[in-house]
Every structure is written in structure tokens, then in C-alpha cells.
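Okay, so here's the structure we're looking at.
Every chain is named by a letter (A, B, C and D) in the order it is written, and numbering of its residues begins at 1.
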Amino acid sequence: MLRIGVLGATGYTGLEIVRILARHPFAEVGFLSSETYAGQAFSAVYPCDEDTVLVAPGDAPVGDMDLVFLCTPHGASALLAKRVLDAGVKCVDLSADFRLRDVEMYRAFYREHTAPGLLSDAVYGLTEFYRDRITGSHLVANPGCYPTGALLPLLPLVRAGLLSGERIIVDAKSGVSGAGAKPSIKTHFCSVHDNFAPYSIGHVHRHAPEIEQELVAWGARNGHIVFSPHLLPVSRGILSTIYLHLAAGVDLSDVHDCWSATYADEPFVRVLPQGTLASLAHVVNTNLCAISVASAGYPGGAILVSSIDNLLKGASGQAIQNMNVMFGLNETSGLV
Amino acid sequence: MLRIGVLGATGYTGLEIVRILARHPFAEVGFLSSETYAGQAFSAVYPCDEDTVLVAPGDAPVGDMDLVFLCTPHGASALLAKRVLDAGVKCVDLSADFRLRDVEMYRAFYREHTAPGLLSDAVYGLTEFYRDRITGSHLVANPGCYPTGALLPLLPLVRAGLLSGERIIVDAKSGVSGAGAKPSIKTHFCSVHDNFAPYSIGHVHRHAPEIEQELVAWGARNGHIVFSPHLLPVSRGILSTIYLHLAAGVDLSDVHDCWSATYADEPFVRVLPQGTLASLAHVVNTNLCAISVASAGYPGGAILVSSIDNLLKGASGQAIQNMNVMFGLNETSGLV
Amino acid sequence: MLRIGVLGATGYTGLEIVRILARHPFAEVGFLSSETYAGQAFSAVYPCDEDTVLVAPGDAPVGDMDLVFLCTPHGASALLAKRVLDAGVKCVDLSADFRLRDVEMYRAFYREHTAPGLLSDAVYGLTEFYRDRITGSHLVANPGCYPTGALLPLLPLVRAGLLSGERIIVDAKSGVSGAGAKPSIKTHFCSVHDNFAPYSIGHVHRHAPEIEQELVAWGARNGHIVFSPHLLPVSRGILSTIYLHLAAGVDLSDVHDCWSATYADEPFVRVLPQGTLASLAHVVNTNLCAISVASAGYPGGAILVSSIDNLLKGASGQAIQNMNVMFGLNETSGLV
Amino acid sequence: MLRIGVLGATGYTGLEIVRILARHPFAEVGFLSSETYAGQAFSAVYPCDEDTVLVAPGDAPVGDMDLVFLCTPHGASALLAKRVLDAGVKCVDLSADFRLRDVEMYRAFYREHTAPGLLSDAVYGLTEFYRDRITGSHLVANPGCYPTGALLPLLPLVRAGLLSGERIIVDAKSGVSGAGAKPSIKTHFCSVHDNFAPYSIGHVHRHAPEIEQELVAWGARNGHIVFSPHLLPVSRGILSTIYLHLAAGVDLSDVHDCWSATYADEPFVRVLPQGTLASLAHVVNTNLCAISVASAGYPGGAILVSSIDNLLKGASGQAIQNMNVMFGLNETSGLV
């Protein structure tokens, strides 16, 4: 059994990793850390069966692990990654610290980077597109939740040259767990329930440059997007409605064929039959991404709809998927 | 007191009219009809205080009323409108039967029209834009819920020539009451709760031509839209995120100024301060439409966000507002 | 117009009072205070139309008001009540500070009382039972939300001697707004949504002695109850399921008759027809209390079910109702 | 691999069995039947990955299976059980047809029994209490959802003689999936959302005699209960708050000790630490039953709180657990 540590285990991504490890056949909890709850059992923080006592981050036996997941905030993660790698242990970082390859872009959207020297070692952990590099990697930058939902339908089309050069619009809707476990007036039940609200729309959300980085890396003719997140009154799930223009001569069947070819052997991407649109119900509580396409009602106009569980394929599920790849395990272990 | 009849009173729009009339200072229930529940008290159908006994539509004393609301399905409404008007009684139709001025368009998106001769008498009941004609009208076609939410932010800009000729995208999200009270697997609690799903996206939903009709009527350079509705896990409310390009030289302040000028004296349109985006919480359980604007992140790119309560400003509230106008009452009577 | 001040206006009970005053024909906002948000417009704190700028509590022009509502925490309210009364202004306290007539009981369940000298002046504001005393009062202790829902069905039966002396069980379920607007892990959307949980069950919740005080005051043979609150995944509403034994020879019809006689002329208590059980849908967004009764399945066994909106009849609605009584206004003003 | 048939696969219990089989290491779908959807893929009915084409019940290859689950309505199930058993195939019936051992009681609460001759062969499938008999059984009557939640905390106490002879009150709250997949006004999203309502309270619900049968079978001094179900605005989960009196000299620690001894080696019953109360969050999406106890505030008064996922431990999860027992598999297979 692989011994797995989780730094920052009491956020929602940590909780989800703990849940997955409980049913993983080849990996188990080594340590769980928390600044706030050190000394308490994990089951005293969340109603569950995991009775491991939380340790303070400084006391975590990092060196005894086979892999450590960083479920810590950006900024903090970069330094912790260094500690893990220095101990000769593999690391998957669920924060944003190693997602952007351009340190200036990181500074513009986040802050001064605290371990820029590690950036070149990090592999972007969108498993279906970086699997080969993840296999041999020691440091995986687990993708953002919104980018995962947007890139899985878009990248095959970009790579195949099926899109025109016009700007892509991503209208995305996320459940509340994406905002994290920290209490605030924005996540108070009475603020969210029966409500629906946009936030950080246009081009100000931190996931916009991450999506753009990958679009460009895989050959997009236009590297600029419009990205509008909204907060849904559900706990889990992201649905993205993506407006775009196809290249001349390309139609919806070409989109569907491109996806089918790309994802034929992928266990976690489900290409829906034409005529069916993705919904949260297709994916919640699974590691799946469902993708679908419809006409925008005019020649060349297409609408892609994708859905994921933001805590699974959008975070902890994909992190475990990457761990499975890093250790040569069956990629679906613990995830079905 | 005005005597008011409601044909089709046991749907959600009928229920909402009943609730408003209960606190209206100048109008009261005359009759409530229902095919299914005739003979029962209204309070036996919905938990409320209205004990009026429902009558079969054929027994409704239409001629004794000052105004009749048609909360009946399209197709049925057209013939009932004729019956009401022939009795010399004013009529507000909440169905789609008199919204589209082009009978061919109605046939294409709905069915063969059953009372085409009345079309020229009907006034489109978007109160803020057709108030003068509503005043003297006998037949008001109450707008669709999605069109109300899209047109209130768009029409002032169209009229003022602030938009480019590029296609407008309306990504709209509605609560479940918009789907009506009839039970189906689509409206089953377990189908909707914790779910979020698109439907009829692109250019197939019946409200697309209605929005386009009004855009053109008020001077749009491009009469085609992309319209993508989604179903939210809430009972009430529509939020519309609208992507568009401004005309050369126009910026967000011009949009805001245009709205402020247009709606300065309107009791039911609230122009939010710049930096604040509309949410359902701004409007649910009120007759308000909240409108707001943000940058799309590139020159000339703008995103409008509007919200309404689909059963109030999007249906029964606006119907009462129109009734108030038709009878020269204070327009806010019963609505605050 | 009465000039009304609200101390602690940015909690949920303050928000609700502001909403009611907006449509009250005879009362209007005089000042709104907040420690946290002083200097901001009320509409910057909650999405609404009330643009009054919040003042610090110390700056509130208490003496210029006709009445001040205390929406402040227990402990703080008692001292503020003194300030209001000393200024010669009437006061309705929505906290618990003046509900318990026994200062020792207050100490046991809350803390040391900070203004015990005022206790004898305070009237318990369960309007239907203390209306006469409220009329001439300067200080009304607005009842707790759970007590309101439990006492309205119970007190008529207690007073009429219809209950046996066996212990009464109140199994109560409340929406989240009852827990207040302060963010915490307990009120985080992801903690409450899709969840349902008991808390403080048995005889430890602070509302137990309040219910018992009134049962005894109105003649109960047994002054002890079992009281079990639960948290519902809704924003508003309390439903109470009350298990009790009727006195010898008393049956369900007697219960129903007693209620009908007691509440025949009450605008805000709705006795449901036999066979119909109260639900949240009967009362949410209204100032109503719905009450109903069913057999427990054995001779003398009865189950009462009542429902209220915890923020209206359970707090701010009843507070306004009491204000209306204190000033001789129509009791339903602003509440229909 | 065991070949498993599901008759009535398109209800919620069928869907849940399909989901469990997808991850079961030793059992797989043999056939899925549906009267309504025969000829369509299962994935066309529910958004999921199971593409098996539904067959009409009459065409189901019952004899080729190792076991058939009956997810069919009571009345229909009894005759189908006969067909399955006559084909020499094991059967787990999720309907009520074989739960009540007294055919007169079945007639009183359901209807005339259609296969009374099989009643004596059926084993009541509350796994933790009937495991030995289930092992060799061909026909298991899977318990009702409410009875499972009530009996797991109660039966150990009854068996150990810890309860007084006074009447037990079960105040139970269930998610909507318990009402089945059939659309109706009662299960319409807008009827349930933001609502909470009691139904069939006292002693009229069909699960009351089922609970009483088992209480008596395991030695209760009083075989009568009060049972009050309520409908929660969630999809899944049942929480039961149970009011009872302990026998003389028994205290809460005795209750806790009795449970700990009974359930020490049970994988699916979690005795919560004293001071912690069961909530839906402890169990939803698991096959667990969480049980807890608190004082009712007077000597001998106790409140038990239990929670289950009504579709898992309350239906399909327990059905699979029983299948595992019937075939000598590890009891947790497919359920963790």
C-alpha cells in the first residue's frame, strides 16, 4: 500500500481525498495535517469514518510518505512543495502555485511566486493531455476546476484546428464547494440558497489565464477568452456553456467525431450522444467529465456544454488519477 | 373595486395573481376557473387563504368582470380572449398567443393560430416600452419571462444605437416554476435538486423569436440572437448573462448612463451601481428587474446581467402592472 | 408617519423589519444602526432598495423616534432598552433579555441579567395572548421563534383544561435564518444543504424554559416539556410536531372547537380544516401561524402540528404586529 | 461473476442497484426490465453509463440469473417472486409483499395478498438481526426504509430489556426519493423545495405495523408505537428522532454500551460517540446507519437519533448486502 500524506486535510479537497483513499485498493492515509484542528480526530471535523488524528503541518512525517497531496492555499503550497520534494517524496499540488508556467502571469493574477525555481519541474496535471509527462513526474500541478471543465471539450478541437480564430466565451456555473470551506457571508446558507449570481465575470477571474495558457499551448488561433463564472445553489458540480465559431467547412459532426476519436479509450471522459446535453446529474459524485455539442442556430456557430464534479474531476479525483499514473497503477483505482 | 376573473387559475401564474389581488387596494377576485379542480376551494389546491370556489371555464361569469387574466395554455388562450373581448371586457393574456405579431412566425414556433384576427388589436405588454398603447388597450399580450429579462437591459441600448451589429448571446438561467405546475419527470424534485442543465439552446426555444421581434422593432442592426436557457434548482427567478459588442466609441459608462436616463422614473427597473452585478436575491418575490453591466475584458466587449422573478415581473406581476395601467391606477398598486 | 429606529439592523430580523417598513402605510425608517457596517448604505449589505446609511449605535438618534426595535444580541439588548426607555421612547426587544420573568432562570440559561430592574415593566409579546397589556406597554419582549410556534397551538388547550398532566414533547424543525447571519461552519451552505440534523435536544435549548413559563402561566398541569430542535435545509420556517395526551373525555373535535373559538377573529392564526396538516408552505413569507391536529393512534393521544415563518410571526412580523397594537393601528398594517 | 436481474429497474431503487453493481467486484447486470421504457437503453432514462437495453418484464431471462431483485410495486412483487423462485433463482424483494408475517395485517394496511403461500419461506432482511437465516434463504423481504432506521437503534435495547413498557414515539423525516420516481404534484420541485410537511402521522402509515412486528418479535413490552413521517426538501436520507423511557435503573451509558456490544463488528452500523448526534451528513451516499442517544431532560427519558440513506441502507444497499450474505461473499462487496 502506498502511504499518502495530505497537507491541509480539512478543506473540501482534503476531505474528498480522504474519502477516496478509504476505498482505494493500493493507497492509504499516512498522515493528515491541519493548522486549525491539529490534535483532533478527522471524524470530529467532518461526519465520517476516518478517525486519524490530525497533525500540525510542521509535525507531518513527510519523508515517510510515498506521495503528499497539497490541499493548502496558493502561496503556501509552493514552499511546502519544496519541502516534500527535498524529502525525496512525490507531490501533487491542488493549489494554483504551479499551474501557470509564466511567473509574470502568476504575479499578475496571484502574487509574487515563493518557489519559482520549481516551476520548470512541474507538469500540468490535465491527465488526458499530459499523461506521458505525469508518469515520470515528481511534481504535478493539479488543474483548476473551471479549466478542467473548459479544456476537456476545447483542447481536442483546438489541436485538430476545428475552431475559427474568433474569441471563445465560457459561461460557467459552479457549486459552492468551489469557494472553499472557510465560512463567510458569501457562503452562508441564506446567501446562496434560492440565489444565483455571477462573479468576477469578463476577464478577471484567476482561471482565465490558466485556460488561455493551455489553449495557446495546444495551438489555438486566438488565445483570448471571455470567462464568466456564476455561483449555483448546489454543493457540487460545474457546468460550462461554451460559445464558439467553427472553422470554415467544419460542422457539428466533425466536433463529435474529433471527441470520439480523442476520448475513445479514456475512462473519465464521456462523449454524450448527439441530441443529449451535459448536466450536473451526469457527473456529480463521479470522476467523469461529460461533453456535448449543439448548434448555435447559424452556420458555423456551436455551443459546447461540459460538466464535472468540481471536487472530483475538478480537484481531488483528478489528483488521485494523477497519483495512479505517477505510480503506474490502474488509472481508475479508487475512482469507480 | 375592480372585479377580476382568472381563467386557468390553478397554474403558477394564476396562483401568483390570486396572491397579488389579496393585497391589491383597488381590485379583487371575481372568479377563478379551473378545468381540473372546478368545485373545490382554491385553498384546497394550494396552501393559502383564498377560499373562493373554482368554477369550470364554461361557467365563468366573464361578462360581469372588469378584466380577465388568461393563465391558460397557448392555443386555448386565443379563443378565450375572443370570448372575453366579445363580452366587452378587457383582457390580459399571459400565454404566447398574441406576443408574436407575425402569424407565420407563430405557426413556425407554436402552431396554427386560432384567432389571427385579434393580433392587430393586441399590444405587447412590456410596460416600460409600451405604456402609452397599453393605456387604451383592451387586449394585452403579456411578455414571456425570458424576453422580459433580456429586453429590459437591451432595448434602451438598441434604441440609442449603442450596440454594434454583431450577434448577441443570451445565456439565461430560470427557476423551475417557469416550467409550469404540471407534474413530469423533468420537474420531479429528484430530477432538479442538485442538478443544473441546459435545454433548447442555440435558436430553438420559443422565446428567441419574441426577443428578436422586439430587438428589430426598436432598431437593432442585427436581429439574430443566440439564446440558451438553463434550468436552475430554485423555484423562482431568471438571471440572464448577455454577451455583446458595443458600437465604436461606446463604453460601459455610456451603457450605464443610457439605462439611468431611461429608467430614472420607473418603479420596477433598478439600475445597479457600477461594480455590482444583478443576482436573483435582488429580485425574488418582487416585481423588480435588476440590471447591471461589466466589461468582457477587451475593447468594446460588454456583459449585461439582468434578473427578475419569473412569476412576478416575468409573468403575473407585470400582468397586474399592465392592468393598473389599463385602468389608470397607480402603477405600483398591489405590487409593493 | 411613525419614525422607527432599528438597533442592530443588519441581522436577519433587522433586514426583515426594514422590508416590512418599506410597505407599511403608517411607519417608516428613522435610523438603522450597525457596529460592523456603519457608514455604508443598507443596500450595500443586502441586495434591496433601502439606501439609508447605517449609523453606529452610539450615534443613533434614539430620542427622535416613536419606537425602537432592538435586533441586538441578548445581554446587549437589556442595556439598550434602558437607553431607549430613558429617552421616553417605546421599545420592542427581539432578543431574549426580557422574555423570562424569573431572573434566576435567565441566569441559568443565558447569563447575569444586565438590567433586571426593567423586567417587571416588560410585557411578553405573544400578541394573541397579551394584547391588552401590550396596548399600554413601553417595553415588549418579543417571543422566541420556537416558543411562538409551540404556544399558539398549546395555550388555548392549556387554558381550557383539555390536556392531561403528562409531559408534552415538542419536536421542532427550523430553517437556517434562525441561526442568525453570522458566518460559521454550521451555517456554511455545504454544511446545511442536503443535510438535516438535531441539536440541543431534550431540555437544554434556551427556548425550553420560555415555553414552560407560558404553559405554567396559562394553567398547565405539568410544566415540563421535552424540546428537540432540528436544522432544516431551508432559509425560513419552523414546523413543530407536538405529542401530547388529552384529558379524559376530550377528543380531537374538542381541540378543533377550542382553537376555532379562540382564533375566530385573529388575523394571523389559521386553524386548518380537520384532515389537513400544517406545512411550511402554508406560512412562509407571511405573518401567519397555521395549526392542525391529528390522532396519535390510541385513545387520548393527539399530535399537534403548527408552522410559522420564523422571521415573520416568529420574530420581525410579530414585532411589527406588537408595534401596531402599541400605537392603536390596524393590527395587520404592513403585514398583508 | 454473479448474473443479476432487476425487475422494475427504472425506479429509484432499481437505479441505485444498477449503480452499485457497476462497482461490485463479484456481480454484474444480467438484465434490467421496465414496462414503460422497454427497448431503450438504461442510460436514456437516467444520466449514467449503463447502456444495457431494458427488456419488457415478460421477456426477462429470469432463469439465467443467479439472483433477481424485485424493484416492483407491492402486489406485483408477490407474483413475480413466485416466478423467480419457480425458476430456481434466488430473490430479494424490495417491495412490502413479504415483510409482514401476518397476512391479515398485510390485508389491513395494503391489500389482499397475491402469494400468501410464500410468506413462510421469506426471511426479513434486516441483515444485522437475521443474517443466519438470510444465508440459506431463497427469498428475502428487504425491510422498509423507515423501519430500518427505527429498528437498528431500537432492537438491541428491546432485546436487552432496557426499555420500559411505555409507548415509543418515532418522529421521522425522509428525503423525496422515498416517495418514488412517479411524477405527481406532491413530488413537483416547487411543492417540495423550501417546504417541510408531515404526512400520515400517528398510526396510519404502512411502516408502523412493520416496526411493531419486529419490536414484538424481539421482546418489546409494549408493541404499539406512534409513528410520524415528514417530507424533507432533500433527495436522500432519513433521520428518526425516537422518544422513549428507559427501564428502571437504566441510563444512557447502558444504552451506549448495549449498542457498542451489539454493533462492534458490524461494518454498516456506526455508534456515534456520546455527545454527538446523528445527521444525514453522516450517512448520505453510504450504506451506513448512524445511531446516537441523548437525555430527554428527566430521569429515564431518552431520545435516540438515527440516520440512514433511504436508498442505500434503507433499500438497495441493504438489498445488495443481503445478496452478499446469500452467496457467502464479503458482506461489504460493492458497498464501500
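The rule we apply is simple: a contact is a pair of C-beta atoms (placed from the backbone, for glycine too) under 8 Å apart; a residue touches a chain by one contact, two chains touch by 3 or more.
Please read these numbers as outputs of a predicted model, since none were measured by experiment.
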Shared interface partners, meaning chains that touch chain A and chain B: C, D
Between B-D and C-D, the pair joined by more C-beta contacts: C-D
Whole-Å gap between the CA centroids of chain A and chain D: 37
Centre distance in Å when chain C and chain D are each reduced to the mean of their C-alpha atoms: 39
Length of the line joining the C-alpha centres of chain B and chain D, rounded to whole Å: 46
Two or more partner chains touched - positions in chain D: 191, 194, 233-235, 279, 281
Residues on chain C engaged by chain D in the complex (per definition of touch): 167, 169, 171, 173, 191, 194-199, 201-204, 208, 224, 226-228, 230, 232-237, 239, 241, 243, 277-281, 284, 294-298, 301, 303, 305
Touching residues on chain A, where the partner in the complex is chain C: 12, 176-177, 181, 183-185, 187-194, 233-235
Chain D residues touching chain A - in the complex, by the definition given at the top: 22-23, 47-49, 194, 270, 279, 281-282, 285, 288, 290, 336
